[in-house]
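What follows is a pair of complexes built around subunit A, which joins subunit B in one and subunit C in the other.
Let's look at the complex of A and B:
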């Protein structure tokens, strides 16, 4: 299997290099068959990489520990579904997944445009295969998952406990899916610039892939935020951590591109800007992958400790991509990329999109600077990092502007509008926003955080314009067809998926930001040490540590973890609200030289939080148990087992160990141990997840192909024919 | 397995080589027709996009974002651009004949 896997990687490298060369050679007139051969190389690349990935998965599922990557992230007790995910928890497997998704997305893109853009496609194919060649080369030469040892260990180390969460099954796939799909518009932009064909055709041809990339990357980011909230035990969903920022950067620039691309489609404007944005997105996707896998920046999400073995390769790729992109844009900027039109009025959708773009790019710059600040200051002599308050200070004002623009954009016409017409469209949502601004401080504590109050008002305004547009569209459809409101709404949305999908995204994003503002500004937070029977008051709730809980979790007859935690009763005004059970799970470290008992407390540990989520607020608690009272027993146990080494059979040792750990757990339960608790009462966190779901639904709607245009054409006068085809489309 | 692996590797490489080199061995005929199909596909995409713009402008008028005068001017321009695309399409080949059933279907859809 190892030989076949290595052969797949080498074949993938050969296919990529050959296919890129064939595509470039075939780009000249009269060499069509080389283009077709290059295209087939891409399809073959996908098949070969899929075979390689299948072989790797078989190695993980069958626990073939002669593969070091399997022994490093899987074990006999690892559940089958985590064994599958363990493949991409390794650096080698994640790079192979990248190549698999890249070749799959590229094949689909090149297949879907076959016959179209015949001048651009060969170069786009070459770029995609060039990226494929890079990953295949890195995999084959420096990070092959198919390296093997003659004799593997009896058991593997198992999956990093922090990764033992359902999100590990899909979160990386969504993130990498987003990254790789963004390669498609990146490659077509390069192709369009090379042949100097910079009309909006490359944007239209790759629109589905751009939208899907945006959707997948956004979903991946949100899954990561949810994972962080539920697993990491620090109580938040976003920490402006480098790994989080790495995925946010291309998403921000990609979002800007999705908006400004519409201006190029409509008006033939912003060609330089659009090409620059999508090229930057492509480079940032590679940078994001590099940051996550290399560990060059300190991160709370840094699960990979392999060092910088791939750093030089990724750095070279990023330099080449950036230099090539800059060269193409600069050499085409003066003539080819000149706009076909100018902005007619400041009161136009073009102006709003431009302002939106400037805001997105400003946020991107701030996030980029904050993320790389440690590297910049390190190079200057003294390494310093910027924390969440710095990010919040700069980014919150920009986000307020974005939400405002997302409210105005949908109601303003292309080319030009008038103040009176715009006011007629905005007045109801604007009054709703003003009402929130006025009533918020009277009914809540909103006056304590002016920025949050502004977000509530602007969010209400943006949600209002979105809902108003849905209503107006429904009424217009009703006036035309006489349908009932639900049917008219469904009809107008079905016929204008892109438009109303976008509005739903705006509504969802506004709901999300309301949740973010409320849960950040009005969160009650307390770190407290409690012993059984003691209580803490947080945000009007009383949290009472009733009693400790402890258990040994087994899997496949083996001890998987020791979980120590507590039963916490939550009351409000003397009435029971809920009972929470936070735990700290201790996973043994696979180090035979460590003490037999202490190795269970020296390995990885995860927080299993206690959470009561609600529409209005979340009650969240994590515990760090105090195991100081257990330490003397642990040391004594270590000594007993060390002294008995050689006198016990493996089975006897296992049996005695089980008894010893059982006793330890019982001791914890009965000793009334103190615990260090982190308690949060966060309002409207659920808005964040609901808004995200709403946005994703809108994104799906916008990405969904529109009803097919007519294929057959009719003989008639052109105007009549146009009218007829428009009605039928 | 040790003897099977080289066989599998040779089979894999052989299959891939045959698949990729197929167009080079057979050549691609009717290049002119392929180029015309490519141009046709590009124009069809441009037509679809222009139609979407016309529908969007109409929706903007119906939902109050565009005045009737602005819409008329915009719509006239967009339709002229669409007709230019239709001219381009027709220049590439004969139009498909319209059928009675197509017209009936068109009328039904329009009535919705």
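Let's look at the complex of A and C:
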């Protein structure tokens, strides 16, 4: 299987190189057959990589530990769904997943435009196959998942317990899906620039891929945030960690492109912006992939050892992509990318989109500077680092501007508007925003955080604009068709998915930012040490540590982990609100020389938080149990098992271990141990997740093909084929 | 004025403003940042007036939990020079001996006090040489 896998990688490399060359050669007139050959190479690449990935998954699912990648991430007791996901928990597997998604997305894209843009498509195909060749080469020469050993271990190390969460299982698929799908508009932009194509057909042809990329990447980022909040023991969802930022950078620039592209489609403007934005998005996607496996930045996510050779390969690719992109934009700026029209007025939709671009690029610049600051300052002589407060200070004002623009942009007129016309369009949502600004301090503590109050007001304004447009569209359709409001709304949304999907996204994003502002500025937090019976007051709630809890979890007949925690009663004004059960799960380390009992406490530990989510506030608690009283028992148990090592069969050892651990957890329950608790009462956190769902729903709606679009594509394909046949005749 | 000339002037003004703002950002950022150092760097020249972002590995056997806080030692990634750290705040789940951490500290006497909630532990390396997982290599 290993040999077959290696053969697949080599074939993938060969197909990519051949296909890229054939496509480039076929770009000249009269060489259509080479273009077709290049296209078929792409399809074949996808098939071969899919086979390679299948082989890898078979190795994981069947626990073939002669593959070190399998032994390092999986084990006999790992559930089947974690075994499947463990394939992309490794450097090698994640690169193979990247190549699989890239070849799949590229095949779909090139298939969807076959017969169209005959001048652009060969170059786009060549770029996509060039990227494929890069990843295939890295896999084959330096990071093959199909290396084997002669004799594998009896059991593997298992998946890191921190990764055993549904969000993080699928988080890489969404991230890489976003990165690879953004390669499609990137490649077509390169092709359009090379052939000096002035129109926006390449934007229209790749819009589905751009939107889907944006959706997938955004979902991947949010899954990471959710995992951080619900699984890790610090209570936050975003830490401005370098690798978090690396996935945010292409999303920011990609969002700017999605908006700005509309201006080029409608009025032939902002061409330099659009080309620059999508080329930057493509480069930043590769940069994001690179950062997580480079080790060049200190990060919680920096998964790499020193002397990693693929860092040099990625650096070279990024340099080539950046240089090529800059060259194309600069040399085409004065002709191909010349705007067809000018901005007529500062009060116009075109101006708002330009301001939108500037704001997104500014945020991107700040995030980029903050992320790479240690590298930049290290090169200048003294390495320095920036913390989360710096990012918050510089980014929040820009985000406020973005939310304001998201409220104005959809309603302001094209070409030219006037203050009175604008006020007429926006007065209801504007008044709602002003009401929040005035009433907020009177009804809440919002005045304690002026920036948060501004976000509440602007968010209300933007949500109001979105709802107003939905209402206006519904009323207009009702006037024409006489339908009931729900049917009219469904009808108008169905016929204008892109527009109404966009409104839903704007509403969702504003809801998210309101949640972020409230949960950041008005969170109550307390770190406290409690013994059973003691209470702590946090944010108007009383948290009482009632008693310790302890249990042993088994899987497939094996002892998987020990969980020690507490039962915590939460009350407000004397009434029971909920009971929370924070725990700490201790997973054993696979080290035969370590003590039989202590290996459970020397391995990995994860916080299982207690969470009561609500629309108005979340109650969140994590515990670090004090196991000091257990240490003498653990040491004594280790000695007993060490002394009896040769006298017990494996079965007896397992049985006695179960009894010993059972006794240990009983001791924990009865010894009234103290616990170190982190307690958070966070207002409106649920708005973040709800807003995310609205945004994703809106994105899905906008990306969904319009009715008749598929028929139109098929007709266009047939028309192109007919034209081809007629030319031959 | 010729519209083309007007546009050129606007572009120059906008680019100059962007350049100035970027420069101002870079300059003010320096004052908000902390020196990123290793334990040997701290030992060589740490000042009580400044905060430092310390990166290193937790020394085996050095962790002592004391109530709400804990003391431990941090050593150079590839060396033995180490410094004592005292910390109170969120302890990340992966934190343990031998793991690489990042923490913001200030010098207080002979020890370094970690700022609350600045302790980050790097996830154990996923992208290691997988042959470490066991077994003999195929020749």
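Note that in this section the second predicted complex is superposed on the first by the 693 of 729 C-alpha atoms of A that agree within 3 Å, B and C clash if a C-alpha of one lies under 4 Å from a C-alpha of the other, contacts with A are read in each partner's own complex, and residues count from 1 in each chain.
Everything below uses one rule, namely that a contact is a pair of C-beta atoms (placed from the backbone, for glycine too) under 8 Å apart; a residue touches a chain by one contact, two chains touch by 3 or more.
Fair warning: this is a prediction, and the values are worked out from it, not measured in the lab.
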(request) Have a look at where A:435 lands relative to subunit B and subunit C in the superposition and call it first, second, both or neither. (result) neither
(request) Tell me which partner A:156 touches in the superposition: subunit B (first), subunit C (second), both or neither. (result) second
(request) Using the touch definition from the top, say if A:341 reaches subunit B (first), subunit C (second), both or neither. (result) neither
(request) Name the contact category of A:642: first (subunit B only), second (subunit C only), both, or neither. (result) neither
(request) Classify the contacts of A:382 with the two partner chains as first (subunit B alone), second (subunit C alone), both, or neither. (result) second
(request) Quick one: classify A:58 as touching subunit B (first), subunit C (second), both or neither. (result) neither
(message) Tell me the contact category for A:414 with respect to subunit B and subunit C: first, second, both or neither.
(response) first
(message) Quick check on the output: what are the common subunit A residues between the subunit B footprint and the subunit C footprint?
(response) none
(request) Under the touch definition given earlier, write down the residues of subunit C that touch subunit A in their complex. (result) 3, 7, 22, 25-26, 29-30, 32-37, 53, 55, 65, 67-68, 88-94, 96, 102, 104, 117-118, 120-139
(message) Going by the contact rule set out above, which residues of subunit B touch subunit A in the complex?
(response) 1, 5-6, 8-9, 12-13, 16, 19-24, 26-28, 31, 34-35, 37-38, 41-42, 44-49, 51-57, 59-60, 62-67, 70, 74, 79, 82-83, 86-87, 89-90, 95-98, 102, 105-106, 109-110, 112
(message) Considering only the defined contacts, which subunit A positions touch subunit C in the complex?
(response) 65-69, 71-73, 89-92, 147-153, 156-157, 160, 162, 232-235, 239, 241, 293, 298-305, 308, 342, 365-366, 369-370, 373-374, 377-378, 382-387, 389-390, 393-394, 527-529, 602, 604-607, 624, 626, 628, 676, 678
(request) Spell out the part of subunit A that touches subunit B in their complex, as residue ranges. (result) 1, 3-4, 7-8, 11, 15, 18-19, 30, 32-34, 36-37, 40-41, 43-44, 47-48, 51, 115-118, 200-201, 204-205, 265-266, 411-418, 421, 424-425, 469, 472-473, 476, 479-481, 491-492, 495-496, 498-499, 706, 709, 711-716, 718-719, 721-722, 724-729
